[in-house]
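The first chain written gets the first letter, and so on, giving A, B, C, D, E and F; residue counts start at 1 in each chain.
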Amino acid sequence: MRVGIPAESRPAERRVAGTPETVSTLLGAGLAVDVQSGAGVSAHASDDDYRAAGATVVDEHPAGTAGIVASVQPTDHVDRLRAGDVTVSFLSPAFELDHVRALRDRGVTAFSLDLLPRVTRAQTLDALSSQALVAGYRAVLVAAERLPRFLPMFTTAAGTVPPAKVLVLGAGVAGLQAIATARRLGAVVEAYDVRAAAREEVRSLGAKFLELDLETQDGVYAAQQSEAALERQRELIAERVAASDVVITTAAVPGRKAPTLVTTDMLKAMAPGSVVVDLAAETGGNVVGSRPGEDVRVGDVLLYGARNLPSSLPVHASKLYAKNVANLVLMIAREGGPDLADEVLAGCCLTHAGEVRHAPTRELL
Amino acid sequence: MIDLLTIFVLAVFVGFEVVSKVSTILHTPLMSGANAIHGVILVGAILITGHAEGGVELVLGLLAVFLATVNVVGGFVVTDRMLEMFKGHKR
Amino acid sequence: MNWASLAYLVAALCFILALKGLSTPRYARVGNLVGAGGMVLAVVTAYAHGVVHNGLLILVMVVLGTVVGIPAAKAVKMTAVPQMVALFNGVGGAAAALVALTEFLAADGDLLFDLATVLTVLIGAVSFSGSVVTFLKLQEIMTTRPVLLPAGQSLGIGVAVASVVLSAAVLTTSSTALLVLLALAGLALGVLFVLPVGGADVPIAISLLNAFTGLAVAASGYVLGNTLLIVAGTLVGASGTILTRLMAQAMGRPLTNILFGAFSPRPEVAHTEEQRTVRSGTVEDVAILLGYAHSVLVVPGYGLAVAQAQHAARELALLLEARGIDVSYGIHPVAGRMPGHMNVLLAEADVPYDRLKELDDVNPGIGSVDVVLVVGANDVVNPGARDDPSSPIHGMPIFDVDRAKAVVFMKRSMRPGFAGVDNSLLYNPKTTLLFGDAKDSLTKLLAAVKQV
Amino acid sequence: MRVGIPAESRPAERRVAGTPETVSTLLGAGLAVDVQSGAGVSAHASDDDYRAAGATVVDEHPAGTAGIVASVQPTDHVDRLRAGDVTVSFLSPAFELDHVRALRDRGVTAFSLDLLPRVTRAQTLDALSSQALVAGYRAVLVAAERLPRFLPMFTTAAGTVPPAKVLVLGAGVAGLQAIATARRLGAVVEAYDVRAAAREEVRSLGAKFLELDLETQDGVYAAQQSEAALERQRELIAERVAASDVVITTAAVPGRKAPTLVTTDMLKAMAPGSVVVDLAAETGGNVVGSRPGEDVRVGDVLLYGARNLPSSLPVHASKLYAKNVANLVLMIAREGGPDLADEVLAGCCLTHAGEVRHAPTRELL
Amino acid sequence: MNWASLAYLVAALCFILALKGLSTPRYARVGNLVGAGGMVLAVVTAYAHGVVHNGLLILVMVVLGTVVGIPAAKAVKMTAVPQMVALFNGVGGAAAALVALTEFLAADGDLLFDLATVLTVLIGAVSFSGSVVTFLKLQEIMTTRPVLLPAGQSLGIGVAVASVVLSAAVLTTSSTALLVLLALAGLALGVLFVLPVGGADVPIAISLLNAFTGLAVAASGYVLGNTLLIVAGTLVGASGTILTRLMAQAMGRPLTNILFGAFSPRPEVAHTEEQRTVRSGTVEDVAILLGYAHSVLVVPGYGLAVAQAQHAARELALLLEARGIDVSYGIHPVAGRMPGHMNVLLAEADVPYDRLKELDDVNPGIGSVDVVLVVGANDVVNPGARDDPSSPIHGMPIFDVDRAKAVVFMKRSMRPGFAGVDNSLLYNPKTTLLFGDAKDSLTKLLAAVKQV
Amino acid sequence: MIDLLTIFVLAVFVGFEVVSKVSTILHTPLMSGANAIHGVILVGAILITGHAEGGVELVLGLLAVFLATVNVVGGFVVTDRMLEMFKGHKR
């Protein structure tokens, strides 16, 4: 079977779904690999590197020639895909309904990494985690860059600089990594999450868990909360937001618009020069007024809406993503084609044989 | 008599002090070593048998000598085997 | 004062030094040898100075005893050593009783002499029969569970009272027959004493019986007027008592339960724990395990993070390294709760990167690792992920720590990890569990390793 | 006496020489303070804040009205200064000869903080140190931001990311801080400096000192090296530069052009995506081809020439600088006017009563 | 066996327990009281059971002794305690010699009796005169420096030989006159023994003389056939010997130098150190100082960074905090070699920010800080910066740690810090120096504090 | 005689063991306490004086009683004073 790695075409996407390293892996498993020329340029992998690893470098997008097309963003050229072709990417189906329809109509078997069930066995395919790791790390760098203050404390002959206070809202993978990175840089960190398990996880990174008088949730993912509950949460965290120099929000509920946690009034109560990074900006935003990829000034506060943060670390984000993809491709190709009885593959299969298999997406269509 | 009592009291102290800081891993070897030491009853057994004038005393005495010897010999050997793990390893 | 007394004194000195040596790992072996040397001196002295008759017969018995004792001691498997010690202890107790009995037959003495005789015979008999029963238990010739006789309590109290009455009778009448009866009562008492003692407590009972024999020997010393026997017996009695208490403490058993099992009205119900047994150790055990290892692998997990034990782990590793022990860290890709969780913590504790090993670095050579220290990890070392296709975590790569020589597992309880599945490694005979908060345990371990 | 704090006019200068905090200090010592309107805006100190602290907010530049003018960059409006007026700022005399002439000719008493003798007693005035602290910290953030890789190591289900290798050349105040910050972020750091004392100082931060077979120097400052010695140094460090993901250069010799340590060939030997930050770009550059304030691509390597990095952290850079300035002003004003017999004041006095007192500058004129 | 012997045995037991108690801080006081109790029991027993004549006179002397002893012991300044102990020791030695002499006059005995007498008199005399000389030295009635007599060596050897000859003579002749002569020789020997001992070694000499007196008392026990004296004297002799060795070790002095000062051909030249003396302590001293403190201030400096001792410092602080001791860190603005140097390190070791105190937080209340732990800092605690206008660092604000109750200074040598200026704090009587690499010292301290 | 020797040997052991782990800070108090204990020579002094029939013996004996009393009383009191620092402070 032939695996195709296209060059990404969406704006500001600097990652690539295959690296020379994973090309070797796939070849070792008996697959052939086509890489579109220039696919790895932003991730500092040249066509020559791919060739050295054994890939065929092709000029055209591999849709229609490769049996499996693996990309970061939803594949271009759906019109060239043949029935039975397989695609692997982040599909964000809720935001890409047209694309999903096209895939369905052409009889493509589309796997979306954002639907992957988070069972132990699927950890090596878990691209949501690997990219959230990147996002969490970058979020802190982005904030530190924009902050007119130090994060760490310094006692110097010219006076003492207190450590910056960082508040992280949402302690999933990205949130935890943000906590860890901010702590490394010497900030005083506190964090909040609705899930009960988060308390211990936050503390396990040496940060303070914000105890709010709110109901907590069990389970691995957060469930949708009522508007009343969110309102109450906003009230309770307002004071902590005002006391912070940096706020990083990462709250998400899978398949839903991100919950609104920070209002404009709350921003205005922050000290001049404070920075807020909204990692959920692309899915509706945790902060009112955040715009993906833009710096917005709210009074004397800077609000940055994240847009594809993993792309800003293209080498390593690609390394991790490509590894996830390769593991998934190997699983798909194991018996010559995807075994949809397998819990993991079934979970992340979006369309197959003319059907949308993911129930929430089917409902949206 | 008071001297023997004094000896007893002092020996109790020595016994207490000497083992009071032993580490757990040595509990069994120490027990075994102490066990071998009380085999010193062999000395007593030899002394009474050496003075026995035959009859019951001799038989009992000889039995005591045999048993005590088993205690002594077996005790020291088994202790030594247990302690092989501490043999000459570094430091 | 004659040369024999002096030789006895030197022998006594050897015994003291032997016990002293046996209390520290470094000198334990030498200590045992010194004790054996003292014993040879004492026996030769006794033979040369104290034997008037029967010299040859005595020699024959000594040779016989040696011929029986050495092979027995050499053949025994290391796992069967406790019952062997019990047996040796029993014959020692019997010998003491016999010596006193014989002297009682041969000589007349004052009240104190009689008292010492009574004590020797009684305690020696208790020690003998008790040791034999513990031997049978440990050898699994009889059940290892506590044996609770019907009316065991009344029986125990009855025999104890009978012994006291008989003792008093011997003291007043100096009757040999009564003394023999007392010996029988002692034998019964020994059996009754040990029967209710269950599995794990048996070694403690052996230690106690050992101390008893020591006391019997000391008492026989009074009978014979021999200072060496007094000193050596007392030494063993005293150190054995302390040791028994230490052992009971280390195992977390109240000594009184064991001591008075036969006399307590409602004996403790045998613990109906799960079938599979776990072995939990003390900090000292682990410290010695570590102190004598050549290579140690630390496998940290989420528990290390929860306990914020990264600094403590690092300190321990430094200490071990300073002793020339090779320490590395096995970092599992999904240890903790976020990617790189362990990296963040260990970097904070300044663990050099080159000490961090991945699955592929570790697993091939794990068989030669002396001790694996699992610090708050669980799922990532669960052999079920490798061996049990029905396990929900089957297929996740793990550290094959069950293939290392020994495993120390630090956690707070028997609760499972993130995946919620049971871990067979906990029940592995190679595994020593160290319960408690990881930071606590590591800090204590640090102190304990310094003592080794 | 009246102290004037102007708004800085040079491009990209976001610091301010006085904060509301130091205004209070100066007022407490019996001085009056004029602050030009808008002076603190980039440092997030508003006119109201200054007023609240007791300053008079004036519209005009305070030159000519205040007896002491304290600024970050050399004062504007020298033509308005009166004989006997005092100025305090970073003067970088070697690069500002015209300005020095003007000050001399007008009979101004000008103190330059970059001439301050580094004696123990002067530590609270040591603005070079306080601003180098900021620069060192920012240099790492700037590099981390531009690096397409992680700095820290991560062992994850999608593979292991090795820690980035950071090389710091020059271990003065800025270099040491860069070392510390990079280590905090989890990088593997090595460093080199010509001064012998630097070895222990580098190690005291847990980093590796690069042992080169070169002569070392004693003393607090580095002395000018021969071109041959520098050539040899370049040869020896070439291999370490090639092995690094990030290079941060901070080497400086007071009053001289910065030594050239890294050549274009050395850059080209680095891995694609590597980042080099040249903190000495404004004084001639440690790296060939660096341009202050610009990102230059050399092959697949990014070379950033730092330009006024402290300004990118305006709040805290100003806080520290203003404290240094206030301490100096208090020393100047202690007996009604500067006591030039004092070793510290004498050392940093550039012009006084129509004379240039700093010998090297006098020679340059 | 009579009640008096039993009472003596109990008293002996009390003395053992007293020594045991005195070896641990927690039970030291109780130990001393137990010892006193044993003594009262022994003395009352002796008076009640052994006095035939002169009862009243004895009582008068006991009262007299008490009237002299108690006020002397109560009045003495804590700094003068060593010489007081020396004096008490001396009178004890004299008493032992007198007792043996008197018994020699009163009774006849065999060779062993004579030998014991000779030993008692000789050792008692040495102990007495030696103690008196040490008293004079410490009280500075005579010079504290080593006194090196011309031909001191030959004199010492001469008197020693004379003592041996005299002893042999007494044993053969049983002459009282010779015994008195021997006593005089002993007095001379004691003086010669202590004269060459200099300043810091004097306490070690006292301890040795103390052990001597113990031996003299034990020997007198043989003379009188009193087991209590034998046991108690031997106890003191043995423990005193060990203690002397420990003291010499703790001070890093080779014991032989002190022991054989009088006999060594070329006595050590008196150390010509600077006039100012420093006090260097052991890890155990500091551990106890810390263990009994309420508040501790850690002042880290460049040396902490050089030693990379931040983790060790943190561990120690945690241990102290766990004991309820208040620990904070004094962060000087210019500690280290770059602004914020200490911040970086302490953050790495995860020291909470709220424990970091600045100059203004610390100095006002520093007088109530029990112990300041200066870890590799120097210039930032140099009182010269505050007090000495001629100092090159005059004007730099410092931590006024010289105003705290006690200071522990950890560094490797007497070398100055960055500024190259001498630090008077090193010579402050409040200061204990702990030489060595800061990390090493802290790690040892950690272990030692756990023992306290 | 051999009993006294045994007592001596055992007492030596007890003396060694009991103080072998003393911490530095207790060196001086321990020395002082041991010093007080050897004041037990007072017992000897009382015994000989109690049997003295006057003359030199009485004088020497009384002197010994006096000196030994000073040793005992002063020793314990001064030790107690030294130990005040360990007085009941926490734990």
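We take it that contacts are C-beta pairs under 8 Å (C-beta built on N, C-alpha and C of every residue); 3 or more make two chains touch, one makes a residue touch a chain.
These figures come from a predicted structure and were not determined experimentally.
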{"item": "Each chain counted as touching chain A and chain F at once", "value": "C, E"}
{"item": "Most distant chain from chain C, judged by the mean position of its C-alpha atoms", "value": "D"}
{"item": "Most remote chain, CA-based centroid, reference being chain B", "value": "D"}
{"item": "Pair exhibiting more inter-chain C-beta contacts, B-C or C-D", "value": "B-C"}
{"item": "Separation of mean Cα positions, chain C and chain A [Å, integer]", "value": "56"}
{"item": "Chain A-chain E separation of Cα centroids, rounded to whole Å", "value": "68"}
{"item": "Mean-CA-position distance for chain D and chain B (Å)", "value": "80"}
{"item": "Chain C and chain F, separation of their C-alpha mean positions in angstrom", "value": "40"}
{"item": "Chain D, residues touching no fewer than two other chains", "value": "123-124, 129-130, 133, 152, 154, 156-159, 161, 184, 186, 206"}
{"item": "Chain B: positions in contact with at least two other chains", "value": "1, 3-4, 6-7, 10-11, 13-14, 18"}
{"item": "Chain E, residues touching no fewer than two other chains", "value": "8, 16, 227, 231, 308, 333-334, 339-340, 344, 347-348, 350"}
{"item": "Touch relationships between chains, expressed as pairs", "value": "A-C, A-D, A-E, B-C, B-E, B-F, C-D, C-E, C-F, D-E, E-F"}
{"item": "Chain E to chain B touching residues, read off their complex", "value": "1, 5-6, 8-9, 12-13, 16, 227, 231"}
{"item": "Chain A-facing residues of chain D, complex", "value": "14, 42-44, 46, 123-124, 126-127, 129-130, 133-134, 137, 141-142, 144-145, 147-150, 152, 154, 156-159, 161, 181, 184-186, 271-273, 300, 313-316, 319-321, 323-324, 327"}
{"item": "Contact footprint of chain A on chain E as seen in their complex", "value": "331-335, 339-340, 342-344, 347, 350, 353, 356, 358"}
{"item": "Residues of chain C that touch chain A when the two form their complex", "value": "302, 305-306, 308, 333-334, 336-341, 344-345, 347-348, 379, 385, 392-396, 419"}
{"item": "Chain B residues within the chain E interface of the complex", "value": "1-3, 5-6, 9-10, 13"}
